[in-house]
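Chain nomenclature is as follows: A, B and C, assigned in order of appearance, with residue numbering initiated at 1 for each chain independently.
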Amino acid sequence: MERFLFLTFDGLSRGAVYAAFALALVLIWRAARIVNFAQGAMAVATAYAGYSVASATGSYWLGFAVAIVAGLLLGAAVERVVMRFVDHSSPLNGVVVALGLVLVIQAVLGMLYGNEYRPAAAPFSRSAFQVGGVALLSRFDLFVFAAVSAVVGLLGLLFTRTAVGLRMRAAAFAPDVSRLLGVPVAGMLTLGWALAAAVGSLAGLLVLPTELGLHPNAMDLVFVSSFTAAVVGGLDSAVGAVVGGLVVGLLLSFVSGYLGATVAPMAVLALLLVVLLGRPGGLFTRGRARAA
Amino acid sequence: MTGRTWLRHLAFLLPAAVAVLALTYLLPPFRTYQLATVGAYLCVTAGLTVLTGLNGQLSLGHGALMATGAYTLALTQNALAGRGQWTLLVSTAAAVVVTTAVGAVIGCAAARLRGPYLAGLTLAVAVVVPSVTSTFESVFNSDQGLSVALDPPPLALGATFPYERWQAWLSWAGALLTLFLLANLVRGRFGRNLRAVRDDEAAARLAGISVARTQVSAFVVSAACAGLGGALFAVLAQSVSPGAFPLTLSLFLLMAVVIGGLGSLTGAVCGAVLLVALPAATHSLTDAVHVSPAVAQRLEGNLPLAVFGVVLIVVMLALPGGLASLGRTLRRERPDP
Amino acid sequence: MSALLRVQELTAGYGAAPVLHGVDLTVPAGTILAVLGANGAGKTTLLRTLSGLLRPTHGRIRYDGTDLRATPVEQMVRLGIAHVPEGRGVVTELTVDENLRLGGLWRRDRADARRALTEVYDLFEPLARRRHHPGHQLSGGERQMLALGRALVGRPRLLLLDEPSLGLAPRVTAQIMALLRTLRDTTGLTVLLVEQNVRSALSVADQGVVMSLGRIVARDDAASLRADADLRHVYLGF
């Protein structure tokens, strides 16, 4: 029972990170109908930037801030310089270009920092403290929950309560009509990419300390897990992405805890397969063909 | 498919075989080994061209399929070790069969998915499959991998016959056989169906083509090729390990067929050459400039990635219409008979 | 009467072949111009070119003294040009209220934008009742009201209306036409009204033009056009 509780909390903490990362994927999907396969690599790149600043200044939080800002800038740059010029007649084009970005980003990181793991610092202790004699959560886990809840809440407010959010949604759903109403559609798209990449960066900063550390490929598996989370949620739904993230986090935690850590990736693959084949449209949206 | 098509393809095949044969006698051992590697890659890129170029299905999982082939070969070969040259044929066949089966499973799922969903699933396969070696450590020996027990070249070739030349022969035998079979396949009804499904699924369905069956077949064919390529890789490296089949390998393969020219087997040859030549070129480049060994090592490992990535992005952005137009351009230039 | 919009030798189209072949138009301020013509005559293309969604390959568009040829689409609404596209262009994923607010987001004068919003709700009773319903739940008539109302929130000077009567009951069509007349008379609104429903359009319009194959083949007072039997027969089919 204790183990079950521990694994549940551990799973929710992991799941929160996947939720944030999946949310970033959903943001771009909704804005541009592109699954940003480069998001993992982009997040690692900004984490490296934060790492450099943190080790130069000795301040974790300065590095943290730099990583988030770098995410905003990188996201905007990727949209302005590359993605804007992709031909969208076939969804494959965006995918292939994003994969090209993955190669470029990972290569540049490898050249700058080398292809070995570097420790990723956590701002709070990762050892779980006892609640009623049971080790459940660490301070870092609490930080993860707080950060992800804040991001989800702020994004929710942004999209439902602000003029910019309304513009962004309108621009995504009906670009031509929005332009006729004075919405700078291209700018909204750039903003969407910037926000998504920053959320991705945050997710990276939250997940890297719990994995092997910084490495150009460090987010590959996280990307797969989060993509699965987004697909579980239906790829179009922000709420779905959050729930999907928690589902994937719990699954990973239980499988690692009861069957062994090496089985976990296969469990994710199995879940992805089952959802893609069994519930076209995800668990939270009305059924629709996976034609995209 | 007429007998004449077979003959024409055979007429291409024989000079190619002779040319490869001649090269294995002319090139120094290291170059011969590179030639052998091109042959192994060629099996995979040719299969991927059929899948992505002719059928429009994106696969990021071909590195994992190669791993399947390589590990199957290693396990079979080690089980049969020391019984003679014929065991290599058996274990290669086993590699192709097992990979084909795995490909059929993925293909059945793939046939129901499109665009980013298919890309995501195959990406997951590419990322997850290497971790299987850790799960079943006793069989696959985790990150260390397995060494492959191979027999020396047949004694009939002489006692001092270079091993690289033997490897090149093996790998090009596989590559040319693959090309020959694929060329015949895509010229026939199967090829027409592949293209019809790629261009317009609804129209293909109206024309009585089973879209799902065509897509699964395309996946099966290209998986078989990847299995053979993986098996040859194991023969060339004489070992297998998960590190040899990272996600990057899958991306490289995709890049190679895109840059080589999507949808033509000639493009697949260019892609395979590129996969070997580009890293080699960056190697000589880093040798030429004087930098510290540590920096040189970083450059060597990463420069090819960067070049591939940049070229890929530029190709995709420069072509109005993207991948599809690439396929169309090629089709215009090389009309079907 | 000064011309609010003056179009000269406008040539535009999709890809290589032009659809509009040298269109000339003058719309005096505070008038309604009906643009008539068979399917495929190029009416929608004309409006899309005027609002910047399509760029002309040749010709001039002068609006209130400025040249619109290089004006970004996003800028048009700030100049007072509202385009209600064919098929209405309601953002179906947004609610009625969000759609309407979208129409006033660009405005500096927030207080007046809110006032305009209230006016539209007063004008279109059904919209007020469905305020928080998503656009895809609206009926065709309600969507038309929403699209028109959204344009009015921006207090435009020039309204480009593309087939507002499409799929509407005659009574609703008549209401919309009456509304256009009222707006012209009270606010001095100028309207370019593309219509298949020739009778309704000519009943409110001051002037009319008839398009055929990308050219203007007739122009006259609305009353004369109504009376011109030959023209009606050849181009308008009634």
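By our rule, a contact is a pair of C-beta atoms (placed from the backbone, for glycine too) under 8 Å apart; a residue touches a chain by one contact, two chains touch by 3 or more.
Every value quoted in this text rests on a predicted model; they were computed, and no experiment measured them.
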Chains linked by the largest number of contacting C-beta pairs: A-B
Chain at the geometric heart of the assembly (C-alpha centres): A
Inter-chain centre distance, chain A versus chain C - centres from mean C-alpha coordinates, in Å: 44
Geometric centre distance via CA averages, chain B-chain A, whole Å: 32
Distance between the centres, which are taken as Cα means, of chain C and chain B, whole angstrom: 58
Shared interface positions of chain A, touching two or more other chains: none
Residues of chain B touching chain A in the complex: 56, 58, 60, 109, 112-117, 119-121, 123-125, 127-128, 131-132, 134-135, 137, 246-248, 251, 254-255, 258, 294, 298-299, 301-306, 308-310, 312-313, 316-317, 319-325
Chain C partner contacts - residues on chain A that touch it in the complex: 163, 166-167, 169-170, 173-174, 176-185
List of chain A residues in touch with chain B within their complex: 34-35, 37, 82, 85-87, 89-97, 99-108, 110-111, 114-115, 217, 220-221, 223-224, 227-228, 231, 260, 262-263, 265-266, 268-269, 272-273, 276-277, 280, 289-292
Residue ranges of chain C in contact with chain A within the complex: 51, 53, 73-78, 82-83, 85, 89, 91-94, 98, 101-103, 105-106, 150, 154
